[in-house]
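Heads up, there are several structures right after this.
Shared between the two complexes below is subunit A, which has subunit B as its partner in the first and subunit C in the second.
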Partner chain A sequence: MSDVTFISHDGEKREAPLEEGASLMQIAVDNMVPGVDGDCGGEAACGTCHVIVDDQWVAEVGRSGPVEEEMLAMNPEREPASRLACQMRVSENWDGLVVRLPEFQM
Partner chain B sequence: MTTLTTVTDAVTERVQSVVPMQMQIRGAHLYDKTRRFVTRTNGQKIFVEEPIPPVEEVALADIDLSNPFLYRQGRWQEYFERVRNEAPVHFQAKSPFGPFWSVTRHADIVAVDKDHETFSAEPFIIIGEPPRFMDVAMFIAMDPPKHDRQRAAVQGVVAPKNLREMEGLIRSRVQEVLDDLPIGEPFNWVDRVSIELTARMLATLLDFPYEERRKLVEWSDLASSMEQANGGPSDNDEVFRGFVDAARGLSALWRDKEARLAAGEEPGFDLITMLQSNEDTKDLIDRPMEFLGNLTLLIVGGNDTTRNSMSGGVLALNRFPDQFEKLKANPDLIPNMVSEIIRWQTPLAYMRRVAKKDTMLNGQFIRKGDKLVMWYASGNRDERVFDRPDDLIIDRRNARNHISFGFGVHRCMGNRLAEMQLRILWEELLPRFDKIEVVDEPEYVQSNFVRGISRLMVQLTPKTDA
Partner chain C sequence: MVGDEPALPYQRPPLSKAYLAGKSSLEELAIRKAEFYDKHDIRLVQGTVTQIDRAAQQVVLSDGTTMAYAGLALCTGGRARSLSVSGIDLPGIFYLRTFADVASIRAWAAPGRHAVIVGGGYIGLETAASLRALGLEVTVLEAAERVLERVTAPEVSAFYERVHRDAGVVVRTGALVDAMAGDDRVRELVLAGGERILADLVIVGVGLVPNTELAADAGLLVEDGIVIDDLACTSDPRIVAAGDCASHRMARYSRLVRLESVPSAGEQAKTAAATLCGKERPIAALPWFWSDQYDLKLQIAGLNTGYDELVLSGDPTDDRDFTCYYLQQGRLLAADCVNRPRDFMEARKAISRGLDVDRAQLKAARAS
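Entry: the complex of A and B
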């Protein structure tokens, strides 16, 4: 079974099983990963599932598109590898994926 | 065309910047009085309260959700429920505010809210129009990219990082207010707690003279209760006088800050200082309509909303006493309860949009220029998203999916501050009081926009083991 690791701002690691086809936000919420809210339910419209993709994974999972940018652009903790987890559809190649969480969600 | 608009804008800005703000508002007041005299509408209220019939006695097409007494008379739930089920995107052709579409389901509201390419927030986000010349400019009613620049200038003040610094201060102010409350005798919770706490918060955010903090509340209430705008109870003379007062007070605050900064004082971390130190807004005072508009927005945004969630929480826990017992048994539920209270109360009923092009929405053809009202109050009671939507359930699993903060680029910028204020309030209430009893029927505000509680008589029983 493949896993994803969420690293909190304080450096605490939290693993969750990946489920192909689900969104990364849904995986975080289903596994009660602290620091991911997903208030809008996956519409890229609240910015509360902000994650920062680990450098080694950026090429594989891709960067944010214009839809995500609408919310990310307003975020003070925004980084080049920032994504909205709700727009990240899990692929079979993501085993071992690592994402960091910002200190705060919007 | 573009050139002409630019020139006109430039002239307007120039005029705005040389004529003092108060003079402009006085001129506008005179204009409005003349207009009312000439049109013989002077002194006549647009809205007179009459009993609203049960929804089943009204034809679907006649349902007018803009009625400012719907909430006060407790009919709103049945009206919205019927529209949600029978005509989720509903057209009302002849309301006092003109024709408008009502968007009532959660999913449709999210779709409209996030699509600013199709649905514009300009020129106003309330259903009607403020009196002429009172149509101040605020970024909540601007589309990108102008919206983004103005919002960016101020959102830092309520950014989570800043809030962490403020938590201690907020807590001590909550403690002061709660320690001062009468015990064992009824008092008005709205005035003693909800208004007082939000006034203190606003004065802090603006670095406004603390002892004059109730003025902010007064201005905010006037700005959000204009009859032509949302069916509120204020008459125009009152509103204009209040605006002169607000323009004077807020300009003085701005100039005072400027002078103190110029004299070498350490810059504060308040809204005015932030506006003055941002390239896009440092000369905001030279654009009076934007100056007044954006400051009013920040004051109104932090006033009615949190106030009515503070009152609504007490009311809801009285309506659902088992939930109060659940809370006392498990105070860890406070953060989730805060979201649930904000869902249940929905302090602002809606936001308005205008279609920028012809489009379809849930099977309805919307024409370019049509007005749409996204009823957050209805989306938050949508049985497709929330089980037993009318009940307060403090451990509701998807409470955070409520729609009260809006979605998309206009999403509430003070959401985390609001949540923090409410969380602290309940964290401080629980160890102090065993019972917080509502002892009389609440009174409600006249408005189709603000879902406000104006009077909530409460009696407290202290904790015995404290």
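Entry: the complex of A and C
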């Protein structure tokens, strides 16, 4: 089974099984990964599923779209590889994906 | 977890938006998958609680069974406010609150049919947009002088009226419904004054009634909603409440506030769960809301009650993106942001932290 690793701000690692077609936010929430809230249920409305994609995965998973850009623009923890996990549809090529979590969700 | 609906707990906000428009499935609406509940030893019971026996610390279900509790969470939500006019029970007249409501609406919503929506609030307007996307003719009837009267400034109401008219929706304000008429199904609405409007289906979205009867019968303090403090406690320390059914005494607004907002329900639920687990996590987040209509994403930060000044960034009479800031004595209270996620995030931060705002800076267009 393929997995994704969420690394908390403190460096703690949490693995979760990937499910093709689901959003990365849903996977985090279903597996109770601390630090991903997903308050709006996946509508890119709240900005509480901010993740930072590991450098070597950026090319595969892609960068943020225009709405994500705007939502993340004012975020002090924003990095070039920041994404909203609710806007990331899991693909079969993502086995081993690593994302980091910010210290705070907005 | 006892609930009276047959499906797993699901997200309601998409019901009038993506789900009604046929853009998402029931599986996608589920808040958690079935395995989640199994894995975490959460037993789901489909049933109705008819009584809380606080002395015995147990609840009674409609089938007569009882369940003992150490802690009890009332997350009873609300039900659609009904319209008490003659003919309201005719087939073809719907409310929009549950998955089952939307399934019924979808079965009736054939392209070309004429849907009349009673109520120009967020649910009514979102429904209008979704039904237009499905190819129906749509009329919105609002009793007040403008749509969204209860929740936004006149400028924002005018914007949404324009947008809906541009999309081909007939928006009628000051329109009071007197009766529904038909035969084996609804055929027309009768307005006060006698005018008749033909309809193939009618959707009533005139607000929500909080489900507080269970709490009131048990002697808990109820004022509009079940009264809770900053720790989501009701007047019985063993019972917490959260969501549409709860009235929270909010220090920020110095009054009881009953919010109909998913983010607030989630915030209160996190606190309620912490309280039941013996932890202290006061309800703190600023209330916020969102509404999707057509290509417009409205995000609202804060409550605008009591505003004495408006600052507009962008032109709601012409643009499809703008922000309407609500100020009270120079302090930012709330912001309605249309297609301006960045303004929303900034406003939310400024309001939560009570930051000083500069009017000229607010005005400066910040759409990308």
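Assorted remarks:
Convention: the second predicted complex is superposed on the first by the 106 of 106 C-alpha atoms of A that agree within 3 Å, B and C clash if a C-alpha of one lies under 4 Å from a C-alpha of the other, contacts with A are read in each partner's own complex, and residues count from 1 in each chain.
The rule is short, and it goes like this: a contact is a pair of C-beta atoms (placed from the backbone, for glycine too) under 8 Å apart; a residue touches a chain by one contact, two chains touch by 3 or more.
Worth saying up front: this structure is predicted, and the values here are computed from it rather than measured.
Contact with subunit B, but none with subunit C, is seen for A:103 once the two complexes are overlaid on the shared chain. When the two complexes are overlaid on their common chain A, residue A:70 makes contact with subunit B and with subunit C alike. When the two structures are aligned on the shared chain, A:45 is found in touch with subunit B and with subunit C. Common to the subunit B and subunit C contact sets on subunit A are residues 37, 39-41, 43-47, 70-71, 73-74, 106. Of all the residues in subunit A, the ones that touch subunit B in their complex are 37-41, 43-47, 70-71, 73-74, 76, 103-106.
Across the interface of their complex, subunit C is touched by residues 29-30, 32, 37, 39-41, 43-47, 66-67, 69-71, 73-75, 106 of subunit A. Remark: subunit B residues 110, 113-114, 148, 151-152, 155-156, 159-161, 398, 400-401, 405, 407-409, 411, 415-416 touch subunit A in the complex.
Put simply, subunit C touches subunit A in their complex at residues 11, 13-14, 31-33, 36, 40, 262-263, 266-267, 288, 290, 292, 297, 299, 340-342, 345-346, 348-349, 368.
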